[in-house]
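Both complexes below contain chain A, partnered by chain B and then by chain C.
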Partner chain A sequence: MIYEGKKKIWAEYQKEIPEDHYFYVRSCIRQSFFPASEATFLDITRNKLGKDIFETEHHTTCGGIAYHSDTIPQETVMTIIARQFALMHKYGYENYVCSCITSFGLYCETMETWREFPELQQKIAENLWKTCHLEFAKPKFLVHASDLVFKYRMQIAAKSKFKLVNKNTGEPLRVVEHIGCHYSKMFPSKGVGGAEYPYVLVGMIEAWGGQIVDYPERRHCCGFGFRQYLIKSNRGYSLSNTHKKFESMEPFKPDMIITNCPGCPYFLDRWQYVIAETEGKTYGENGHGIPVFTYEEVAGLVMGYDPWDLGLQTHQVSVEPLLDKIGIPYDPAKKYLGKNGKYLGEPQKPQCLK
Partner chain B sequence: MGKLYDRLMKDYRLREGLNACINCGTCTAICPAAEFYRYDPRRIVDIVQHQDDEQIEELLKSNTIWYCGECMSCVTRCPRRNAAGLVIMALRNLAIETGLFMESEKGRQMYLLCKDLNHNVLNYGYCVYPRLFGYKEHQEAGLVWEWVHDNIDDVFDRLGANLDKDGPGAMRKIPQKDLDELKRIYDITGATERLEHVRQAGLKKAEELGLTEEEYCQKLYTECSPKHFNH
Partner chain C sequence: MIDFGFGVSPSSRINLDKADKEKFNELAIAEPDVAKCMACGSCSASCTAAAFEDTSLRRAILSLQNGLCDDASKLLSHCMLCGKCTMVCPRGINTRHLILSIQKIYSL
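Showing the complex of A and B:
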């Protein structure tokens, strides 16, 4: 009954996501910590599904982290955003796809503020012309890269080699989804499924054979908090929020976590390591953590990509127990190799976290 | 109506983020910062809506306005569509403009944030630049990050990135012409001026304390009074 009710709520928040022809904009954090995820997104959409996803080297940061750390004025970030939109227009696109939730939220907010205050939009257009000689334009459709993977989830399922299923028991894996606050908490109608029952990752998990874990702190922030992580003396804020989530999900025994935002997988992965090393507490089975993935990594896994091509060796929580559960093959000897088989040494092993 | 309140009302974030607050406290109940710090977004929204300049000035000088994580969780649940997070952003902006950010420990951290983040934006075109995200300052990034960082060119190459190279791709070198455009945007929209204002205030403080810039940065990065916390 409750589930049916939720389905109804999701149905009210179905945003329109065009099928093809997008201008692609990268994420500072995803590029820095999960570069293979962006490569995988482009490989799946362009090469496996034949979509037109265009990228130019001339785009930059949206300035979102500098802005949400309060270091630059709103007018600055809005003009940087206007420059990104203008590049889209210059290259002949009207659909804009970004790889970052902070950017996505900021784009939504900016467009809303421009709509409400046309004189501000006019000023930003003038700034843009003065500084970059670019013509002001706005996207017809604005989506996050996960919206596209959601849109293509059945096509991905049709090409899949693996399902999110425990190969020994035949049971669906228990998957925690973490959305990232700025996806839809400010503008619920801009996200698939809204803010209370976001469907963007749930749709992928269901399509790929997994089972959703509902737990009390499901919508709680990962704890990035911008300045609250960037400055060492504030970092307890970030850690304690992740800790709260893990304590809340632990009784439900999740097999894995799938994330929407580029920052969240970093925090949910690394703070598990810190909790293990400082408190001796681990949340997975047999001294392991709960492995945390980007949605691109999960799409790649079900499609049969090599886990080391997906960059899973750069996670601190080891992914092997999950790969074994699904039955995904991997070569341990190749885990830490560079390009062309160059041996790069190995990371030191944590003392507590397996 | 007070002068500080008038200045706040010029901020689009306040105009968007403040409707009549009914003091229900839902924002505080949902707020991740309120659980960790001595922080109550309900109270902040209430002070601002009362337009009392004296209390607003106290806020601008306090640590309180720097506790928020700008997650915007409060926005979804507020029955009046207020955005405590946006009200905070407007207050922080005014604290910086008036120089009152220098009166609190958390406010003074702006020196470091301004310096590091905008160095990345203006020199590389990214808010985060992995070569400057060192393991020493970020041991929580894990032993795996130490390995990535020690082998950064090889690992990024292996993972299909284009670190510091021409053309598109992850962490590519962004052309100088584009970085020049970012700089011009900073110049005419007030960012350059703000960064200089924060820098000068910090350097003055360092001098007062008899610290070199490096020692001052270290102090900002690590100093933490126990009075911030909820328990």
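Showing the complex of A and C:
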């Protein structure tokens, strides 16, 4: 294929991401499990890169957890989402950035439904006025926070203190990237690279010095799937998904995993503990697991943030072997200390997983 | 080991790199028609034994291609060699003879 032809085709997989001025909404799951990731995103974009990222305490959940658990109908979710968009409009913004992949998928689904059924959009606008007295509006650009970090990846690389390189060998770290299904599979045209060539995380890793690992089950779901874990008796489905991925990536000896979804880092991280305790199997070196990170945590690490300020002590799989590999300094004595130096308490050690 | 009340389900993933293809290659030499099968399922649909037992030549051929000999053995164990499948095969495969060759080569 001629080069121009390739460029033309690849251009169709691109996404328009405005440079600045965003209304930011947080994620319910990430605020609970990876609270430092969102704080890091805001710190990097606002304070390090000087971008205008606005957030308000008045925004709520997108309703995604309840919607995907079949506990609230779609019109209720749409009204919640219309309220979020109305808040964006009220504060004078047109670009909407969300922290959560579930939310991103749901926003895309809602916008597409409104486009397809204008009478439903009218009904939701009326619901919004009746319930909240807010004016209906839609964002001009809807992006996920990983889109923004992807957009700023070279600026982050320019300010980086570390590269994703093994300091002992000089070789790039072998990184598994795991894309959230609701980012690239539901509405492929809304993500960078579409469903076939999701590039959002690959671009970050390449820019920060790492090497991407390709393996057979690369595009397999992490096992999050709401119905698969909400009920205990179903959790074997979730665990088996994750197990299948790890069995597939194991021969390629990855150093770390980067994710852009709230559920993926949680399940890829925690299920390594469950697999170790039930099957006696670990996937990292010397009885360790493979550390799993959010893209903000990786951005924070390369920019020289303190690993404990990034919340890496809340991970199930210990991150210290990777920090040593890159050469990132950390104080083991401060691992379980809060911001004010108060001891937070130490979790019980797993039996199999180091 | 901890019992969480749930666990890893057996995977249906087949690693073809690890599958033993030696006997299937032997079968393909003895019965070249096995490569003609397009898995339409006419044989299974017309099978007399399939109404009573889990019998399917289509699935048996697929299992053999994937190196799952035990599965194939179960799927052919109730074949009565009536030959109805031979009459309906759109590819004209002598399925009755193929089943006999499978039983001979795989010692079923």
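The working rule: the second predicted complex is superposed on the first by the 343 of 354 C-alpha atoms of A that agree within 3 Å, B and C clash if a C-alpha of one lies under 4 Å from a C-alpha of the other, contacts with A are read in each partner's own complex, and residues count from 1 in each chain.
Heads up, the rule we're going with is that a residue touches a chain if its C-beta (ideal position, glycine included) is under 8 Å from a C-beta of that chain, and two chains touch if they have at least 3 such contacts.
Bear in mind the structure is a predicted one, so any value in this text is a computation, not a measurement.
Visitor: Here chain A is shared; do chain B and chain C fit on it together or clash?
Guide: Chain B/chain C on chain A - fit side by side.
Visitor: Students often get this wrong, so check: with C-alpha centres, what angle lies at chain A between chain B and chain C, to the nearest 10 degrees?
Guide: 60
Visitor: In the overlaid three-chain picture, which partner chain does A:Lys232 touch, first (chain B) or second (chain C), both, or neither?
Guide: Touch status of A:Lys232: both partners.
Visitor: Determine, under the contact definition given at the top, whether A:Lys349 touches first (chain B), second (chain C), both, or neither.
Guide: first
Visitor: Once the structures are superposed on A, label A:Ser189 by its partner contacts, choosing first (chain B), second (chain C), both or neither.
Guide: Neither partner.
Visitor: So, A:Ile65: does it touch chain B (first), chain C (second), both, or neither?
Guide: Touch status of A:Ile65: first partner only.
Visitor: Given the touch rule stated above, what does A:Gln14 touch, chain B (first), chain C (second), both, or neither?
Guide: neither
Visitor: Comparing chain C with chain B, which touches more residues belonging to chain A?
Guide: Partner touching more chain A residues in the overlay: B.
Visitor: So in the superposed three-chain picture, is A:Val274 touching just chain B, just chain C, both, or none of them (first/second/both/neither)?
Guide: It touches chain B and chain C both.
Visitor: Could you say whether A:Gln122 touches chain B, chain C, both of them, or neither, answering first, second, both or neither?
Guide: Once the two structures are laid over each other on A, A:Gln122 reaches no partner at all.
Visitor: Pick out the closest CA atoms of chain B and chain C after fitting on chain A and give their distance in Å.
Guide: 7
Visitor: Shared contact residues on chain A for chain B and chain C?
Guide: 232-237, 239-240, 244, 274
Visitor: Which part of chain C faces chain A closely enough to touch in the complex?
Guide: For this pair, the touching residues of chain C are 1-9, 11, 13.
Visitor: Help me check something: in the complex, which residues belonging to chain B touch chain A?
Guide: Within the complex, chain B contacts chain A at residues 11-13, 15-16, 32-33, 35-37, 66, 68-73, 75-76, 83, 89, 92-93, 96, 106, 109-110, 112-114, 116-118, 121, 125-130, 133, 137, 140-148, 150-151, 154-161, 166-172, 174-175, 177-179, 181-182, 184-191, 194-195, 198, 220-224.
Visitor: List the residues on chain A that touch chain B in their complex, please.
Guide: 26, 28-33, 35-36, 38-39, 55-58, 60-61, 63-66, 68-76, 79-80, 83, 105, 112-113, 116-117, 120, 127, 130-132, 181-182, 185-186, 188, 195-196, 219-221, 223-228, 230-237, 239-241, 244, 266, 269-271, 273-274, 309, 311, 313-316, 336-339, 342, 344-350
Visitor: Residue numbers of chain A touching chain C in their complex, please.
Guide: It is residues 232-237, 239-240, 243-244, 247, 274-275, 277-280, 351 of chain A that touch chain C.
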